[in-house]
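Before anything else, here is the set of structures, which you'll find just below.
Heads up, the next two complexes both have chain A, just with different partners, chain B and then chain C.
This part shows the complex of A and B:
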């Protein structure tokens, strides 16, 4: 009986993983009680994460076929989507737990948790589908929910509303790009099914190329890839835990993984391989340079972390621009590293209530766990050995050298050198400086809700030390590409 | 059977609408005007879809997204008006800069 139920659930796993946060959000909005909503939200996210990681493990580590329901509503995932959903769902679980730090404020707190759940559901739907239209819809639902999370994230300050307005402007441009792009792709191929693009593509590929570039641009705007990251500084400067974890980590991961998936299907046609390379490689370099410069100059801790993650996204763009399974696998590892470092750093900033860079001076004496998370996250950003960040960079070097492609290796070396400045600065301040003035903590114990996010720091190191399962999963997922 | 000249003209018209909306969304200092310009941009994109002959599903999804963006945009505008007493971007930015300066001054 139970085995039959589990088997049935596994057949419908993608749909259940998306439906669980939506059901949780519906329950939260009925009650509009922040603390009850938080419990529901965490429970729904836990179910979603359990289903998504089970599916990812079965498909990618144990090699089980991806079966879907033969009738009724069904999402048809691919292996890359299963990997993406696994990463997004775990990050969403930690974000939902961390959003409890906002649960002290009643109505807005409950609405924040609803929006965090809807954002997760949107990115999961985008990860599981192989239809470009559903991918766009999932992305936009998640983005709109993210705008709401930012708008409600004021903690008594009004600046996040300004940031939400900026995000809305950027999102609207992204929607316009995506709509026109999808129309052009459908016109050129007669389908919006990603898996059927190559079969239906004619030699008259110009509309497809333009459409493909527009769709990629629309998603890149939402990932916060430089130079399209106009909203990043404003959104994170006075952000609360929910914004930092849900928008800074879950949305970034969801959008980056969507880019990887779209490109993996786009380069099925060989003539687009070069075009994709010339679109993404300069973007990757720009991202590394602009993000690094901004991170080095930042004085606000949350903004520094956000710009550092933007710089790391350049590495993902470089990996993906290779257009090979090795490149996609390197990109997946790099995204996992970004999510892990982001969760650890943003979580540590929230738990220790450190908002300016000099707030972390001498933090090791006052908050050892947060300090450890800062250290692990910063070490991964630098690409220090025995971290997952190192693994991502190593795989990119392997993939690049394999095709005699040296300059992205140089770009990633530059990214690591820059990261030594901003990441090293964090470690140096935490352990080797004395606090000039210790800020009094708010005494709000709900900030400890972000504590589980610190575990991401441990995961960053654990996956760096024992990477076999992650490498196998990334390699299996990347085989969806030609 | 579509007349190619008419199709090109309509695509150009839709693209012009998008461009006008894009410029407005970038340049307008009043956030209500900016939101209107954003909706224009998306409507222009929807018109391109219609002219190209995109599927009904795409057009319906596009319409729903435009509605969703407008709805969230109005909600943010109302909150901005409540919080700042204005929806002029320059005044909002000035108020934010002043608040930041007060925070950093010991």
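This part shows the complex of A and C:
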């Protein structure tokens, strides 16, 4: 009977993975108790992650065919989507644990957990669909939930509210871009099914190209890809754990994975591949440069981490602009690296209550767990060997060299050099500086909240040491592309 | 003990040394016994590997495989076994000297110093026995990170700045140049394993070979090739035991080992394809040698003088291996081993003198040989080896280096080596002579009991080792031959 239930669940895996956090959110609203809501949220996220990773593992690592029930027009997963959902769901689980552990003690805790869950559900829906409109819908739900998380982060203070207002404005522009883009795509191809774009593309691809660029721009804006990251600084300056983990990590991963998926369908049309390249490659370089410069100049720890992740996003854009399976696979690994490093760093910053860069001076003595998470995350950002960050860069450079294309090599080298500066600075401060008297009082707090940071740190290292399964999954997922 | 076990022991021994030094930090006597004993264990493992290489035993261990066809692996080959044995023997002497120095100076954080010294030795062993470029890269990064706390050990603003310069230079060069070169090689060959005769031989055009060579060599900034050499004089701020580790035992030797491996096992005959780059790099190294030796002459602080002298010796290794000839590789191996002993002796003596007499300026060394005869006699022998005076080790190395440069048709490079030797004589020769021959200073000792046996014995033994090539040069040529002779 259990086997039958599992088989049934596997057939409806996408629906269940999306429904679990929504159901969890509904239960949280009913109870409106932050602590109870946190337990529900973690449980719902756990179910969602278990289903999504099971689907991803079966399809990508063990090579099982992707046979799931098509739930209406919306949830029809492909292999890239399965990978994306796996990453997003695990990130959402860790974010729910970390964000909820802090939120459970705050006034609007239950509502925060609800929004974190809804955000995860939105990104999962976007991952499991091959319909461009549903993808946009999922993205928008997730984005608005993220805005809500940011707004609640200040517990009545103005700064997070202003940040949320800015996100709302920027997001409105983004969604306008996306909707106009979708209209142009629908006009050019007669369909919004991503899998049918290439075959329906007429000779006159200009409206399609413009539409595609607008859609990508709209999603890039939500990911926080520079120079469209106008909301990033404001959102993370006084952010709480929920904002950092749910918006800074889960949303970023969801949006980046959405970009990879959209592009992978778009480049099927040969005449369109070059246009994608010329759109994304300069964007990637700009993102690397702007993010790196901002990270180097940042004095606020959360901003530094956010900008560092933005610089890494440039690497994803470069990977994707290659338009080849190797490029997409490299992009997927790079996104996994970003999520891992983000969860470890943001988690550690939250747990150790470090807000300014010099707050982490001498942290190793008073908060060993947070320090370990900082070290793992920063090492991955730098691209140190034996971390997943190294793996991501290696695959990108390898993919670039493979096609005699030296842009990404140069840009990623630049990103690595900048990361040596700001990532090395974090490690140096943690281990080789003395804490000031005021800082010396703070240490590892919030036992449950420290779990996601440490777990992400361990994942970053474990995947760097034994990456075979991840590489196989990324390669299999990337084969969707030509 | 099997060769595989010894291979593991030579890398894990120093790690265990670091761990046990922390665990058994008190009482200090126990800590010191553990520290010295485990360096002996590492030396025993290295000795076993030397025997294994002499017997032609093949040993390889793969720790993890983070990329397809690329594993983190250690392998025994003659050059690695030779350099590891030399470093391990020197490490034992240095461990003894460190223990003596800690007691004399009452170092406030001896455990931290000892732990990172041990970690550096472990990392340089991994560099020596690296089986592929990836392992070399990882081990070099680990070495840089382990050496950083040594450079910044004092904790003041000056040390912190030196530490940052050290870290930034070595990591940036490694990540910015060595890593892309490694990935490029992987894209060409599909693997990164070292191979006698060079993995790139016959697989690269001239442009690629030139670019790759420059990226590899400059990326290994531990060679102190100008303009990426400033970290070494800056690191002179480190306390004496740390300085010995950086200059003589770990960081600088790792640069020599790295370029040797790249030249012999990655390029091999492909160095001829990169003729422009080799000539250019030889010119930079040759001019750098002379420049460093000249700057050393202007430095009164002994630690800085030794740092520049060390740059000159390190660049000689680079110049030798870039000659693209077996004789060049042989000269490089000799130069590296000779430099390790001589440089270790010099920096240990400078540490002893500073600890016992508080003298750190070259001018204050006058007549010190009268009151510290053993230490300053060792100092003089090491200076002679650094200069290249027969019959000391450095002489054979320089002889082969000049012969190699002339054989390659680079008489100007041979002339630069000769000029650098003269300049080295200028900054070390009179200093050693004055120290031994001049009248004793009236108030030599800061500490009335002078240098202890733990400070004297290691430097004397280390200085005596500078004579070893006198009897070992010929057998070494046969021992190292497999490095440049591809096996059928």
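Definition applied: the second predicted complex is superposed on the first by the 456 of 482 C-alpha atoms of A that agree within 3 Å, B and C clash if a C-alpha of one lies under 4 Å from a C-alpha of the other, contacts with A are read in each partner's own complex, and residues count from 1 in each chain.
Note that a residue touches a chain if its C-beta (ideal position, glycine included) is under 8 Å from a C-beta of that chain, and two chains touch if they have at least 3 such contacts.
Here the structure is a predicted model, which means the values were calculated and not measured.
S.K.: Touch test for A:140: chain B only (first), chain C only (second), both, or neither?
M.R.: first
S.K.: Does chain B (first) or chain C (second) touch A:176, or do both, or does neither?
M.R.: A:176: touches chain B, not chain C.
S.K.: Scan A:464 for contacts with chain B and chain C and give back first, second, both or neither.
M.R.: second
S.K.: Between chain B (first) and chain C (second), which, if any, makes contact with A:416: first, second, both or neither?
M.R.: second
S.K.: Taking the superposition as given, does A:7 touch the first partner, chain B, the second, chain C, both, or neither?
M.R.: neither
S.K.: Identify the partner contact of A:428: answer first if only chain B is touched, second if only chain C is, both if each is, neither if none is.
M.R.: second
S.K.: Quick check on the complex: what are the chain C residues that touch chain A?
M.R.: Residues of chain C touching chain A: 64-68, 72, 134, 137-138, 141, 148-149, 152, 155, 160, 163-164, 167-168, 171-172, 175-176, 179-180, 183-184, 186-187.
S.K.: Which of the residues in chain B come into contact with chain A in the complex?
M.R.: So the residues of chain B touching chain A come out as 18, 21-22, 25-26, 31, 34-35, 38-39, 41-42, 44-46, 48-49, 52-55, 57-58, 61-62, 65-66, 68-69, 72-73, 75-77, 79-80, 83-84, 92-93, 95-96, 99.
S.K.: Show me the residue ranges of chain A that touch chain C in the complex, using the header's touch definition.
M.R.: Spelled out, the residues of chain A in touch with chain C are 382-386, 390-391, 394, 397-398, 401-402, 409, 413, 416-417, 420-421, 424, 428, 431-432, 434, 464-468, 471.
S.K.: Along chain A, where are the residues that touch chain B in the complex?
M.R.: 133, 136-137, 140-141, 144, 147-148, 151, 157-159, 161-162, 164-165, 168-169, 171-173, 175-177, 179-180, 182-184, 186-187, 192
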